[in-house]
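Look for chain A in each of the two complexes below; its partner is chain B in the first and chain C in the second.
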Partner chain A sequence: MADRTYDDVTQLPVDDTEDIDRTEVRSYWQLARRRFVRHRLAVIGAITLAVLIIAAAVVPLVVENATGVDINKSFAAAEIVDEEGNLVLALLGYSRTGINMFTQLMAATATSLMIGFAAVLIIVFIGVVIGAVAGYAGGWVDNLLMRVVDIALSMPGLFIIIAFVAFWGASIWTIILAIGITGWTTAARLVRAEFLSLREADYVQAARALGASPRRIILRHMLPPALAPIIVAASLGVADSVVLEAALSFLGFGIGAEQASLGTLLNVAFEYLNREPYLVLFPSIVLILIVLAANFLGDGMRDALDPRQRVEQQ
Partner chain B sequence: MLTYIIRRIILAIPILLGVAIISFLLVYLAPGDPLAQFRVPNVRPEVLDRLAEIYGFNKPLPEQFIGWITNYVQVWNPDAWGLSITYRRPVLELIAERTPATLLLMGTSLALTVVIAVPLGMLAAVKQYSWADKIVTTFATIGYAMPSFVLGTFLLYIGAIWFRVFPFGGMTSSLRVESNPLDIAWHLALPVASLAIQSIAGWSRYIRASMLEVLHQDYIRTAKAKGLSANRVNFRHALRNALIPVVTLFGLSLPALIAGAVITETIFSWPGLGSFGVTAIGQRDYPVIMAFVLLGGIAVVIGNLVADILYGVVDPRIKY
Partner chain C sequence: MTTVSRSVGPLLEIQGLKTHFFTQDGTVRAVDGVSFQIGHAKTLGVVGESGCGKSITSLSVMRLIERPGKIVEGSIKLNGEDLLDKSDEEMRDIRGDQVSMIFQEPMTSLNPVFTCGEQISEAVQQHTAASRREGMDRAVEMLSLVGIPDAKRRAREYPHQLSGGMRQRVMIAMALSTDPDLLIADEPTTALDVTIQAQILELMRDLREKNRMAIMLITHDLGVVAEMVDEVVVMYAGKVVERGDVRTIFGNPHHPYTQGLLHSIPRLDERVDRLEVIKGTVPSPYNLPTGCLFKRRCPFRMPICDVAPPMRQIGEEHTSRCWLTPAGEAPEVGADPTPEEAEAAGEQLTVEPR
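Right, the complex of A and B next:
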C-alpha cells in the first residue's frame, strides 16, 4: 500500500484512524492513464504512431521538392545535406530515377494517414449517430436501423469502394467518403449496444424523471460512458482505413502519383518488381508499422478505459 | 430445422433487396450518360429518344429498378443478369465460367488453413507462454498486420523472381493446352500461400483464445483430476468445445469462397471472380458490376446461414 499518505492523520478528529482508507482518490482518466502506461506494447504503439505522424508532417515541409525526380541523383547514396548545402534528408538514398526515397515515403505516409484519420472521423460520426438513435429509441427505429446495418454488412466492401471511387473520380475526398460511408457498421453496433444497456440504467432513468431532454440525456449522460468502445474502434479504424486506401491505390483505382499514398508507391513498385525490388520494402514496412501500432494502441486503450480493470497496487 | 432454414431465407429477402437497391443506385447515380456513345451530330434526336425508350431510361427510377430486379430473379434465363458490355455475352455465363477457378483457389486455401491453424492454435494454448506459443503468437500478429497486397507482392518476388521456382501468375502455362492438374497446382502455389498465411494467422489467434478459455473451465480440471492422459483431455475434452466458435469463422470465410479474393486474384492474375469484378470496374462494365455486388450479398447471406446451421450441428445445446 505504497500510495497511502499519512500527512493529515493528526488532523482527524477521530481516534480510530486505522480503519479509514487513505488511498489517494484518482479520477477515471488518471486511472486509465496508469493502466495504459502499464501496457508496454500499447506505449510502443503510441510512440511509433506519434513518430510517424510527426515525421510525415514535418519532413515534406522542411525539405524542398520532397517528391521530385533528379536523374543526376540516380542510385546516389544516402545523405542528409547535398553538396550545395541544402537539407535533403535522403536517409534511404535515391532510386534509379533519382527519387529521394525517404522524403517521398514520408510524403506518402502523410497522405495515407490523413485519409485514414479523415475516414475515421466520418466512420465515427455516422456510427455514433446511427448507433445512438437506434439504442436510445429502441423499438421499430432500432429494428429498421439494424436491418440497414445488416444490408451494409452484406455488401462486398472493398468492391463497392473501388466502384464508387472509379465512378466519381479518384481524389482524396472521394476516397475518404467511400471508406467512411462503407465502414461505420462496427461503430454503430458498438454504440447501440452501449446505449441499449445504458438506457435502462438507474441514473439515466433518474435524469429522465427529472425532466431532462433526450438531447441532454444522450449527450451528457449516455455518450460519455459509451466513449471507451468508440475510442478503441476509432484507433482500429485508422489502421483499417489506411489499409483500404492502400489496397485501392495498389489496384490502380486510388490517387495518382501527384499526391502519392503508400498504396500508390506500392503500385509503382509492383510494376518495377523485377528490376527494382527494393522499392517495395519501405512502403510495406511503414504500412505494417501503422497497422501494428494502431492495433496495439487499440488493445491498450481497451484495457485502460475499462473501469473494471484494476490498477494493481505495487 | 427445415422451418428454421425457410424462415431465415425469408428474412434474407429484404436484406438482399436492400443490397440490390444500393447496387442499382451505385450505378444509376454514377456520373455519366448511358447514351453518351450515341450523342454524335449525325444521330437524330428522335433516335436518341427511341433508344432511351427501348432501354427504359425515360421511366421513373422505381419503375426502372423493378424492371431490373424482376429480370434479375429469373436465373433460369441465361441472360437474366444482362449482357456484359465488354464481352457482349450473358453475365451469368461469364460468372459461371470463372467460378471454378475461384472455388479451387479459395477452397484449397481454406482447407490448408483448417489443417494448419487448428494444430498451431491448439499448441499455442496448451503450452501457453512457452517458446512455441511465442513463435505462433508473433507469426499470427505479423501475418494479421500484413495487408494482403504486401504479402502477395513479397511472395511473388521471392517465389517467381528471386528463386524463379513459381510462375508469375495465371492458372495455366498455355491457354491452348488442355489444363493439366500438375500445371494448375504449380500456378496455384503462390496465391494459395498468400491467402493461407493470412487466414492461418487470423484463425490460429482465434483458436488459441478459444482453447485457452475452454482449458480454464471446471470440467477440464475434473478430467485431469480423474487421471486422464493429457492427450485425451486436450483432444477429446477441450478441442471439441474449443472448435465451436471456429464454425463462425468458417461461415465468415464462405463469402470469400464464392466471391473470390479481389486483391490476391489481381496480383497473381488468377482468372477467378475477384479479378473479373475489378476488371469490370476498370472497363465500366455496369451489368457485371451490379451482378458482382449482388453475388457478394447472396454469398454473405448463405455464409451466415451455413454458419448458424453448423453451429447447431456442433453444439447440441443450440435448438432451432
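Right, the complex of A and C next:
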C-alpha cells in the first residue's frame, strides 16, 4: 500500500458511471410517510383517532336502539348479546335508567367528532383565504384584514356562539357554523405569517421572473409550503372545536339529548355526580383521548410534511 | 421572438431609467438615470459595490419592482418595444420567455416541495403549449444540457437532494428552457465555491454560443467580468459612472472609482501586506453629496467636482462620468464646465432642498 503512488491511483480504470448515486429516488409523499411512521406518538394518535372514528360510525349503526332507555335493564351488567340474541355491545353495562352506556357513548362521540371536523373545515377555509390574501397582497389589504382579525379576536368567542345558537336554535349545523365563524382567526394569522415570509422567498421571486401569474404563485408555490402549519392548525382545531362544543353542551346551550354529544352526556352526568359518578368518567376519557390524539397527530404531520426535514439514517 | 426586429437595433436598450423607492425616511434613488444597451448575443457586465443599483436595474428590466419602489422615468426597450408600456399580463408572457433571470442564491431559489423536473416543466408549460409530459421531457433534456449526469433521475429529485452547484445548474436549465433572447444573471456564482464557479461560467459561455443568447451579467467579481463579458457598465450609487468594452475598462480605466475597483483586486504575482481599498463607504442613499457622487472618496477631488459631471466621451465606445480629461489629468484650474456639459448635467446643477 505504501509504495503505491498517486499516479497509480489515477491510472486505475475508472468506470465513469460509477460515481452516480443509484439510491432509489423517493417522492415527497413517500418521504413524508417515512417520517410520519418514525414519530411513534403521532402513529398512536392516528390509530386512536381512527379507532374512535370507526367505532363511532359503526356502533350506532349495528346496534338497534343504541341510545334508548330500558328501565328493566337498570344497572344490568356488561353484555355483548342480550338474552334474546340481539347484538347490544353493552361493554360498559347499563346506567340506572337502563341506558346502554357504551353505545350511547359512541353515538355521542360521532356527534362530537362530526362537529369537530366540520367546524375545522370552515375554520381552515376562511382562515386560508383571508390569511393568503392578506399575506400575498400586503399593504393596506393586509392591514385591513388583520384589523378585522383583531376585532374578531377581541370578542369573546363562547358568548358569540351562545348568542348565535340562542338566535338560530341549537342544531348541529348552527353549532358547526358558530364555531367555524368564530375560530378562523388563528388560522388566518398563521397563514398570513407564512405567506408574508414566502412572498420574499427566492423561489417565489424566481417563479415571478419566469412569468408565473399571482394565482399560480399562490396555489403552486405558496400554498404547498404553507401546508404544514395549516395542517397543524387544523388538527389542533379539531381538538379545540370538540372541546368548545362540549363546553357549550355542558352549559346547556348545545345540542339536546336527542342527538347527544359528549358535552351533553357530561351535562346529564353532572346532575347525578353523587349517585352515578362513573357517568362522568367515560365521556371525559373519550374527550381527552380525542384531544390528545389530534394533537399528537398534528405534531407528527408537521414534522412529516416539512420537506426540509430529512429521514434520519438508521 | 420576431426575426424582423432582430436585425434592427440592440436587443435591450435602457434609456434614462430611474427607479426610486419611496420609503418613510425619504426617497431612495436606487437607480437614477441609467442608460445602456445590449446587442444580440452579446454579454454585458454590470459591476459595482453592494447597493449601487445593479440588482434593482435588472429587476426593473423584469418589471419586478415592488412597493415602495417604482420605475419613475425612462424606457426599457426589448427588441424595440418598450417594456414599461406593457400590461401585467403581457409582461408575464415576456418574463421567462424572452427574458429569463437566474438569481444569486441557488440554495433557496428552487421551491423545496417540487422536484427539479416539475419546476423546469412548469416554466416550459407556462410559455408553450407543451403538455406535462412534453414539459418533463424538455426538463430532462435541459438538465443534461447543463451537464447534470443521470438527468432522468435528477429530474425526479427534490432541490434539497442536490448540491449548490447542481441547483444553480437546475436554475440555469429552468431559465434557458424557453430559449430566451436575454438572460439576466444576478451574481450567479457568488454563492458557489471557486471550482464550481468556473464550471458554471464555462457552462453559461457555452450555452450563449449554442443559443445565440445575450447575457446581462451582474456581479461584483471583476475576475468573472474579465472572463465573460464583451462590454462593461460600472455603477456607483445608482448611476452609471463608466462604460466601455472590457479591454478598455481593464486596460485603461478612466473613472477613479473604476480604477479603485481594479486596484483592490488582490494579485497573486505581487507580495502585498495590505490590500488596497477605496477609502470611505458608499454614501447613504438618503444623503447623497451634491455634484459628483464619488467626490468624498475620490483621490483626484477637484473644485469642479461640486458640479455633477455628465457622461463624457473618453474614447470610441468609452464614456465616463468624471471631470478628468480623457488622459486622466485634472482640467485646467478654474475651468468651468462647457455650456454643453453644463446642460448635459441638467437638473443636477441645481442643489435640491432636502
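Criterion: the second predicted complex is superposed on the first by the 282 of 314 C-alpha atoms of A that agree within 3 Å, B and C clash if a C-alpha of one lies under 4 Å from a C-alpha of the other, contacts with A are read in each partner's own complex, and residues count from 1 in each chain.
Everything that follows uses one rule, which is that contacts are C-beta pairs under 8 Å (C-beta built on N, C-alpha and C of every residue); 3 or more make two chains touch, one makes a residue touch a chain.
None of the values given here were measured: they were computed from a predicted structure.
J.: Identify the partner contact of A:139: answer first if only chain B is touched, second if only chain C is, both if each is, neither if none is.
T.: The second partner, chain C, only.
J.: When the two structures are overlaid on chain A, which partner does A:47 contact: first (chain B), second (chain C), both, or neither?
T.: Touch partners of A:47: none, neither chain B nor chain C.
J.: If you stack the two complexes on chain A, which partner ends up touching A:202: first (chain B), second (chain C), both, or neither?
T.: Touch partner of A:202: chain C, not chain B.
J.: Contact-wise, after the overlay, does A:80 reach chain B, chain C, both or neither (first, second, both, neither)?
T.: A:80 sits against neither chain B nor chain C.
J.: In the superposed model, which partner reaches more residues of chain A, chain B or chain C?
T.: Tallying touched residues of chain A, the top partner is B.
J.: Please work out whether A:212 is in contact with chain B alone, chain C alone, both, or neither, and reply first, second, both or neither.
T.: So A:212 only meets chain C here.
J.: Does the superposition put A:220 against chain B (first), chain C (second), both, or neither?
T.: A:220 sits against chain C, while chain B stays out of touch.
J.: I'd like to know which partner A:58 touches here: chain B for first, chain C for second, both or neither.
T.: neither
J.: Could you say whether A:148 touches chain B, chain C, both of them, or neither, answering first, second, both or neither?
T.: So A:148 only meets chain B here.
J.: A:156 contacts which: chain B (first), chain C (second), both, neither?
T.: first
J.: Where on chain A do the contacts with chain B and the contacts with chain C coincide?
T.: In chain A, nothing is touched by chain B and also by chain C.
J.: Applying the document's contact rule, which stretches of chain B touch chain A when the two form their complex?
T.: Touching chain A from chain B are residues 14-16, 18-19, 22-23, 26-27, 30-32, 141-142, 144-150, 153-154, 156-157, 161, 255, 259, 262-263, 266-267, 277-278, 281-282, 284, 289, 292-293, 296-297, 300-301.
J.: State the interface residues of chain A toward chain B in the complex, per the touch definition above.
T.: 147-148, 150-151, 153-156, 158-160, 162-164, 166-169, 243, 246-247, 250-253, 263, 266, 269-270, 273-274, 277, 280, 284, 287-288, 291-292, 295
J.: Which residues of chain A touch chain C in the complex?
T.: By the definition above, chain A touches chain C via 19-21, 25, 27-28, 138-139, 201-203, 205-213, 216, 220-221, 224-225, 307-308, 310.
J.: Which bits of chain C are touching chain A when the two form their complex?
T.: The contact residues of chain C facing chain A are 62, 64, 67, 91-97, 100-101, 103, 105, 108-115, 122-123, 126-127, 149-150, 153, 156-158, 160, 171, 174-175.
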